[in-house]
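As written, the chain order gives the labels A, B and C, with residue 1 at the start of each chain.
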Amino acid sequence: MNYFLTAEQELIQQIARRFARERVAPVAAELDEKGEFPRKLLDVLAKTDLCGVYLPEEYGGLGGGMFGFCLVVEEISRVCSGVAICYAASGLGAIPILLFGTGEQKRQYLPEVAAGKKLGAFALTEANAGSDSFAQETTAVRDGGHYILNGTKQWITNGREADIYTVVAVTNKAKGARGISAFIVEKGTPGFSFGKKENKMGIRASSTTELIFNNCRVPEGNLLAREGMGLIVALKTLDQSRPGVGAQAVGIAQGALDLALKFARQRVQFGQPIIQFQAIQHMLADMATQTEAARALVYSAARMIDAGAKEISKSSAMAKVFASDVAMRVTTDAVQIMGGAGYMKEYPAEKMMRDAKITQIYEGTNQIQRNVIASELIKERD
Amino acid sequence: MQIVVCIKQVPDTAEVKIDRKTNTLIREGVPSIINPFDLHAVEEALLLRERCGGAVTALSMGPPQVEAALREALSLGVDQAVLLSDRAFAGADTLATSYTLAAGIRKIGAFDLILCGKQAIDGDTAQVGPEIAEWLDVPHLTYVSGIDEMILAEPARITVSRLVEGGYEQVRSSLPSLLTVVRELNEPRLPSFRASLRARTQAITVWGAADLDVDPERLGIDGSPTGVSRVFVPEYDRQGQIFAGGPEDQARALVDLLRSTRLI
Amino acid sequence: MSQIKLVSDRCAGCGECIAACPYNAVALENGLPVFSGACNLCGACVEACPSGAIERLAAAGKPAVDKASYRDIWVFAETRDGQPAKVVLQLLAAGRSLADQVGQQLCAVLIGDNPGGLAELLIAHGADRVLLAEHPALAACRDEPYTAVLARAVNQYRPSIILFGATAAGRSLAPRLAARLRTGLTADCTGLEIDPVSGDLLQTRPAFGGNIMAAIVTPNHRPQLATVRPGVFKPLQYDRSRQGEVTRLAVSNGLLAARTEVLGFTAAGGESVSLEDATVIVAGGRGLGSAENFELVKELASLLGGAVGASRAAVDEGWISYAHQVGQTGKTVSPRLFIACGISGAIQHLVGMQGSEVIVAINKNPDAPIFKVATYGLVGDAATILKELIAQLRSGS
């Protein structure tokens, strides 16, 4: 399929592909096995200019938009989505600053993220606030020129490793959803610490931890938008970033398809390569078709965002839901085609299958996404 | 500071295979790459430029297709690239190569530091770096694994760690100087987006023998004291004894034999 | 200017030259070979051509040096911690046999701060003469003063050959000296012979990552310089009865100028693998299939009191560290017994271990090249056979 990339987009894709193949591929299995954060790889990535691909040029980015972001995430995910998510989650931390930050906040934080010198993270989820993100328990109480944060954020990607955190907390419980605000919290702020590193099924190279706030004083200048805008900040951010999860899923699916194809060409049973069998051929055909359809949807959603479309919730949700379901199916089928070999850790197929699962869960479960799509459909009827 | 990095385009020897039937190298489809050690030299040059300012020039010698390697160096972020290319340079051994590169460096102008990879993976000689230093009459330090100190104020000097047998030697040299570097010095970067865009249109300076202040007799194969008398795939034929039977029988035969010959 | 030229009326258009070219510089156009700018004038096509249709035309001959006026074989006696580096004794053995062949003297060149006490040892290991340069400023092997001292000695005594160990010091010093003397240097040699016809030194070394071997000569320049791989040659027996003389080299201040300064030395920590010293080496390769199976190699090695080696493939797989790698890009070893388990025998590995006294090859492919160098061969799955060997050695002891 030809998506008519510009010369710049082709270059972005090409550099990301080299990074994935030359630097990530040789260590992907080891990072997965050890659950080791790929700090060195991110340092290499920083020097490619790709950390700021989606940020405007005035903040040190490349102005490549969410589409450029998706190209990078897809290429890295094709080899290791654990590494890709470290990159993508940093973007998720920076997008709220880009969307809602003051000029000063943008100038302070975005160039360092663009240069890859600092990593971002986004903290919404809590123990009792998963899909029900309104049920926030972390509080932020104003005290002179500061807000005092107390509470615990759970399962935060890039936890401990990131430098800049966008944190959602309740500023006025009485106001319910309109009493929630978003803050920029820097690592090292007194009262801000991290819980244990989670031991995950997949994307094991990434770091997932609790963020613990214990009378953590954050300057009022770090409030994003206005008091009470926190959920808007979070939801708008996720609308922008969801195609990125879709791109991650497309990358995983493509990686699994590449692997299954190569295996099917080489594996001989009953006297011929198994790719000669129609049962395998049809599986591969479906995998390729689904992956391409997911890619087309993800690219369209990203291009809509970059074009400045107002209503992006539905298309972003669709891209995320469809691509992540495809990734789960395609990786499962890749393991199936490879049989016993697919189940063994010698091949990356089983890792891709483990990595795929999270794309159906995070940044809004696929069930919640379907709710979003449905509610948009209902609105359209009115 | 002004830094010159010497790079060589080489076949990826990890991809070179031998055709067992004809005893020749299979070169088809073997990609040409920048010598991997040279990438560490480029990286260090860029790091030093980030720290101390100045400019980095990538220099290579070879046929016109070496431009691709220099363009890659530009996409990594070096400021300019110079290719020494002339039929008269062909067949150069390390002495003639280093003579020619030294002449190129003189023409580029004043320099503080020359960086080279410790050796090229196709020749593995590790000689061109020190020989360039001798032609230019500057000191050289080989197998550099770390730069510990760099002082540009007079007296300008550099302190490095060298990877030698059994450990690391700490050595200081005055500047200008030439270093050859090993892999553990740094982690080479990949091309960056911005430098790649620039590299697409940037001109690469090409100099032939006539552009350099050189003695034609010192160039290429005629200026090379060494020559290849023969290239061959070593034939081994020891006609050893192959044991018979299953794993257990073979293992027993070997253990008995090693014991009886007191090898174990 | 030299060139490769086609004498086309003899060319049959067979394309052998294309296959022979290590630089991919030959292509057929209209049925005849043409040579591109990538041609390195190595002459591989000249040799490969069955019709003798390709010639290498040398440039108009330049006056060669008077080779006969250069005599004797020198060995650079690198020292470490007040002792000759191990490779020096190996070089003396290699130099001894060359010297005997051409009927010339073998000299060790010993440079340092009061190293004279080592002269006797060098003589006992084969040197006829020790050239001694002593000065406190020569304590550490620094390239500039060492080059100056050696260059002066060369101009004074005119040796025909100088051998250096292919060590960090040797490979740093020798090229500087070669450039100073405007002569040829061949790196990392694994074989040295005198050509019986020309009297030139034939220096054999691996090329292209160890995939092929090249014999290098320095036909028109003297001295002929070579660095030699440690571990290739075996030292001669220490023989106290050997006689030799010690000649002091004058060390004037002019020779001591140096722009470098050695500040210190830090020993590298970590595992010590004395592969070069081991009498038994058990080495593993890709044929073992997994890191777990590679553990069997370590187990057998420890049972036999030997060291653990590995092919590049096993190191690339991450089964063991690079320090254990044997071959062109690793170490050269020559133990009494080398057991290769699941190693197919790529040339780049063979150059590092073919000097072993007894080689045992265990591989499931009976056509694997490793069997060409093996004294004994066991055909079968390497891991299975290793388990058998370990079990039998355990029960038998």
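We adopt the following convention: a contact is a pair of C-beta atoms (placed from the backbone, for glycine too) under 8 Å apart; a residue touches a chain by one contact, two chains touch by 3 or more.
Note that the structure is a prediction, hence the values are computed from the model and not measured.
If chain A is removed from consideration, the chains that remain stay connected by touching as one piece. Seen from the Cα centre of chain A, the chain whose own Cα centre is farthest off is C. If each chain is reduced to the average of its C-alpha atoms, the one that sits nearest the average of all protein C-alpha atoms is B. If you compare B-C with A-B, the chain pair joined by more contacting C-beta pairs is B-C. Distance between chain A and chain C, defined via averaged C-alpha coordinates, is recorded as 52 Å. Here the CA centre of chain B is 18 Å from the CA centre of chain C. Put simply, the C-alpha centre of chain A and that of chain B have 40 angstrom between them. Residues of chain B touching chain C in their complex: 11, 13-14, 16-19, 22, 24-25, 27-28, 30, 62-65, 85, 87-88, 90-91, 93-95, 98, 121-131, 133-135, 138-143, 159, 161-174, 177, 217, 220-222, 224-238, 240-243, 246-248, 250-252, 254-255, 257-259, 261, 263-264. Residues of chain A that touch chain B in their complex: 8, 11-12, 15, 18-19, 22-23, 40, 43-44, 47-50, 53, 62. By the touch rule above, chain C contacts chain B in their complex via residues 1-2, 19-24, 36-44, 47-48, 58-59, 62, 80, 85, 143-144, 147, 167-169, 171-172, 174-176, 178-180, 182-188, 195, 202, 206-209, 211-221, 258-268, 280, 304, 328, 336-337, 347, 350-351, 354, 358-361, 366, 369, 371-381, 384-385, 388-389, 391-393, 396.
Chain B makes touch with chain A in their complex at residues 187, 189-194, 196-197.
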